[in-house]
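Both of the next two complexes hold chain A, though its partner changes from chain B to chain C.
After this line comes the complex of A and B, so read on.
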């Protein structure tokens, strides 16, 4: 061993220690991190760890009323699927329905009762207890009720059906108030009114897409947003591929190609608002050709005199040959079915248009039979369609507020500040109401203006039921049961209403302690109306079987006879659609469409839906305005140019998206984005086209003619990059997409660089 | 010209020695950690002894691990299960006192997990228990352990204390017993 100096020795000792330490830590860091096995204190009875339990319930993400099966493990919801036993969706579920988990687990949920401490909209809240909150509202309500001024209380809910709707009714009756409104932006007011006029009943019929061989859709995006998209998608699939040797034909008539338009065999763009003329033009041709031989034929000849194909061609901008071809096809292919909705129903002539669509079904005998439209029986439980508020009813509510006639407004999961045009001045009207209480689960634009927030459970935590409308041709009811214990200090909407009922001294009329009790009571009545077999099993067994299956009702459709009132025929006719704004100043018609991701905006706080590219444009996040390539070229716009969309009632800014399947004088914008509140995922993303809609009314129903706004486009000189998943919308001769001609036999040799737009222009 | 590396080495020698010492230290530290604090038999919040319960008193495994035959995970007994006996049995021992404290506060006992599989392995107790594979086949002689020790099995079938399970263990057994699709990747990795 050589001599080592003291200093050298110390150095080596130090180095050795560092080495040992480093080695020790190296091994330590390679170890598995400590995990714990946390047992239950008491073993739960309703689940075993590691084993999934499925609960059947009802989806509340849109008004379709699909049945869901929720997979839970260790008492937490893990996955939502469709309930295979539910006749509406038969085991299928759309993306929005699957994203329901993110409603439950959303980090922006309101977790406890809150009171606004500063001015409204400041969103500075203090925590309060449930008793404090309920007492504050209860005392106010009790005073008003005692003074016989119950009508100064308004309850504004999102569209709800079933026993919760009935509970609202009883509560408001006890309050002595008529001001109970259900408000949904896309409630099909015009469809109800058209069916009332033509069929004499205010229910929606069942549209049998599954068994039809030709579907003529006037503007209804039935695969994505219209009424019951999951059920329609099932029908679409069955019609196309479910029958040997039969392939259903689908024709879509709309100014901007929707998902249904893209899936159709033929897409036809008539001038916006003239869909009703087109339907009557077809009807005229059917009658004139002698293809209708009913006893009332002479009446029809008179009623349809002004709608000859050549006259209609002028109105719609479609060639006469197309009109005649469609009419002949509608007669020749049997059974056929015509439906109407979407933008076609949201014009100033919406009801007339939808009546005209019913005329087509009537003339070829599609009513009350398989492959056509089948009438629904009265639902077996409560539905409250007469409470659905039109645009005018909302204006009346706003006016009443302005006049100081409303002291308390109770909001339940509806967001009119977002889903009403700025022209309605609803937000300003709210300022006149002394007390606004919100029962919403999220801080949406309207809830932000509330003085008091009493947050309700999400649908996955609460009891409820639903009677889908439209039904599927037979009577169906479904019970919604809590699939998890409440995550936070929230309460079920029904329980809050019952707690308020107690505080206004209405316990005698509403003696239930909880929504669950009330619901069971209601279903006992349904049970008692049941057949002998149902009654034989006893209520408890019945109730458990309903909870297990998640759905209860009949299973077969009945074909029904239908005779048309003669007086209806004379009233057939379509008015020219009215648009707000002059054509010279505002050259484009704004076509706002419901986003399949966000519905009317309620899905915008779900990150899964934000991440999901729009199916037609592939754009993710944000908003955009769809412009025909020819128009864009004329205006000198390219994709990503930020433009101002100006209507007579407001301005929004959005980047241009060049979309070949839209009429040159129409521009389209998706609804759903543009929130100013509503949580971190929704806030400050995109713009809300509802904001700039003109207050144009459909006069029969008083609903908003949301497709009747004219706009102009103003360049801002700024550009943004659109976030989208597809590179280029064109094939450029690369043979990526093989195209077939309309006959369906030959592969076309010419590969156009874009969809030919000449056929679209008028 | 005479070139030698010796002067250079002379200059570098102290540095080289430092490096050698650090490396030796590194190995030593690593070995010490692996030997003296292997972490394969961690101290549990309560010194529960499988030797007493499963060994001396011959309580069947599934009396406590009731989920094993029904569920992918064997499950740990709820606190109430322990208290079910220990309300009466050995209530004065300090470790049982600890247990009764947890029960009195209605708190779960945070047991530390010893046997674990990576998340990409799909294993279910149910199938193996129903196929009557003894628990000890994978978990080692639990009935002899006071404190649970991570245990695996060598290819020759001998017990290897302190070793985590490797894929070979699964495959060997599946091969020996001619399990249907037993060596298919997707049987476990799905």
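After this line comes the complex of A and C, so read on.
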């Protein structure tokens, strides 16, 4: 549970003391300062020179949905911090979230509507007015709608939640089109599907890291990129040192050490794709040892018969003793929690693996209790889960385009040309669509192919809201408000959609004049539904208090009773993971991971993020390929050797980084760099490993099995200097990072300070 | 008392670590390495708060990065029994700071709050302080740095933008400390309350590994942390008497 208790949370909301709606107040005075001889003789009421005003809003740099407080001075945004009232991040914020300022003030923003004048991708644009742009799209849409061919229009957005998602729904409904897709490269499709199968609901539970005593993470980099990293970090800190005499233990199972692996007490490398076998091996041992005594025990014995520790040891490459030890620990330390995600979930057996992780939680009774996993109630506002597009739905969209079934494609801040493998041939499919409209704020790879760009505000200039998935055991809603007046001739995404709705004659069904109006209307419904527990009297007071606090929580907790269907038990089992490419020709498994700095690549245009050393390697401004020291020695590679990474579906080039914590037959590459467009800071820097991924599918969800590509390494004979900030990577007896035994008892500080051979010779 | 003995008295006093008889506040940081995840949220928070320039790839390659706080990483062991240890490193605000004694123009000095302060317009760029600093946390402006417009709109008006030839480093966010002291004064209070002032790095830390406060207040969180049995200071054998305490990582 979050630190903020329910009652306190309500109290806090009544007592907000921050600004509301910078958008209107500053618009007139700050937008055209040159038009005023002395701009602030009569300053807006929230504007006093030398004193900062804070606005609460919502971060949209990743799907976690943290609350933010933005410090503004003289109408300019100066700093983003976490909103202390928001139960997800409780005042804290990650590096990427804080760099949101450089989205707002990015020199490469699209500042006005543009029309492509030469062939697509030439990026020669002419300026047009908003009316010209909207009319051009509006007329096309109106014709299609009138002809009953609305389904020839597709809207492809990045994952959005809240009322903007609802606006998209109504608009596409008015268009008569079913082709509304939200696409994120790293949407956890397999996690949803596993929960659907095991718990019978298509929703994420709340993982209570804070109160657990043992966390077993199967591949989930929960501290950096998985679901809600800031909230998990809070829980991690509390679990570690927040309770007297209890120190949470963390174990990470993954083929390449992530930030969460470094933070763990124990890092275990199981063969990639066999994490599910390991989980079931643990389950087998728990049941066999009589540590599970439920009524359905006999079913479990049958279901787990093939997963004895000795069988699993063969699959995973781990010793039987380790498997038995982990299983015993999982039972003995109480409460414990198992989570799964990341690379473990991105194999051809991803759903099976995550179901197996749920099995562990079920067997030791971690479900629905403190320190385990807690079911979330129904979100109090609109979410868009069913619109999340898997890899397969993106292929369907591309196929429809190829068949000439799509006349207009509207893109909202999503960059599938960058985040889909080249094998998907999405770029080629786009060529078959007569009209592509992008609402992006930046000229990314996909927007560069658009005929028309109607640039939207950044999130710091627009109205919106968010209902974080997963919540924190109770449902949370947060409103995002403009913190500065718009910098350029851009418009809010919601306003553009509403303007288009007017042009297709849907004003009756969508009568709102602006996103702000629509949002307020939506929140009025939440208020009037009666479950809005608030101290405020009347909707207006409620609205103001929500804007001040930036967040509002519905405090109903859910009944957490859970009974498992017997049919589920019979279906438990993990298939052997399938990899693309033969082991003989392609000896390495490629482990692409989300860069904590760039997420799926969206952060690559932020100079702070480019210059922020990668947490594990300290490399800046580029891509690299991580290779185990022994493998590198065998192949004769040293740091900086430029190698070709060849998969059955493509080739990229990157310099070698000798990474000591990766399996010898696995190589890892960060995702995020390798843009061909996307502004001066991102363009032509590094490579994008997504490009060479094989189109291997997880069959249950149709999502991309992004960790299932085999590759080979080919030397190029060239060397480059890898720019990094770390010098010597070993402590060499300087005792800079000191450690102690678990009970605070001093242990010998003598430790191995051997230098790997590769480092001496380089 | 002769002029000479008076001079010698103040000289001796000056040479004493922490030559103020008593600090008004004694700002101190405690960092729990068992909580730190190495996520670097603190680094970006510092960049944003303190107008730290982006130097570009070429300068980065020459080791001229500007990051007042950084995460150091040390590997231990070999695959598969391997660990990576993180440690945040910034100016340790030593009470017996080697950098202060070496500066020929007195641009770096110890202030009445126990902070190691840098006077930018007094600095002549000898870089001697950076050589003397055992923690290597001083950063030199080799150029006048440039912010591509409109990125300059983000610059914090409370913090000076440093020019070419000037040394800079972590200030414990002195602008925030000043503001908190002013507020306390306006409030009719004599002292700043615990938790009222937090440097940007401490404020942002997702796992709450960093704690900041006044060591002179025995009820403060930082006082408790710095007296935790796990406390140590980096390179303590150099007797720099630093104001940043680390809590040892627990190896379980």
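One rule holds for everything that comes next: the second predicted complex is superposed on the first by the 676 of 762 C-alpha atoms of A that agree within 3 Å, B and C clash if a C-alpha of one lies under 4 Å from a C-alpha of the other, contacts with A are read in each partner's own complex, and residues count from 1 in each chain.
The rule we apply is simple: a contact is a pair of C-beta atoms (placed from the backbone, for glycine too) under 8 Å apart; a residue touches a chain by one contact, two chains touch by 3 or more.
Please read all numbers here as calculations on a predicted model, not as lab measurements.
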Which superposed partner A:51 touches (first chain B, second chain C, both, neither): first
Comparison of chain B and chain C by chain A residues contacted: C
Touched partner set for A:386, first chain B, second chain C, both or neither: neither
Partner chain in contact with A:529 - chain B first, chain C second, else both or neither: neither
First, second, both or neither for A:76, with chain B first and chain C second: second
Footprint overlap on chain A, comparing chain B with chain C: 50
Complex interface listing, chain B residues touching chain A: 14, 17-18, 21-34, 37, 39, 42, 67, 70-73, 75-81, 103, 106-113, 116
Residues of chain A that touch chain B when the two form their complex: 8, 11-12, 15-28, 31-32, 34-43, 48-51
Chain C-touching residues of chain A, taken from the complex the two chains share: 50, 73-74, 76-82, 89, 91-96, 98-99, 101-102, 104-107, 223-224, 229-230, 233-234, 236-238, 240-241, 247, 249, 257, 259-260, 262-263, 265, 267-269, 487, 596, 607-613, 615-616, 618, 620-622, 628-630, 660-664, 680, 721, 723, 725-726, 729-731, 734, 736-742, 744, 747, 751-752, 754, 756
Touching residues on chain C, where the partner in the complex is chain A: 32-35, 37-41, 43-45, 47-49, 54-55, 57, 60-61, 65, 67, 70-80, 82-87, 148-151, 153-157, 200, 203-209, 229-230, 232, 234-235, 246-252
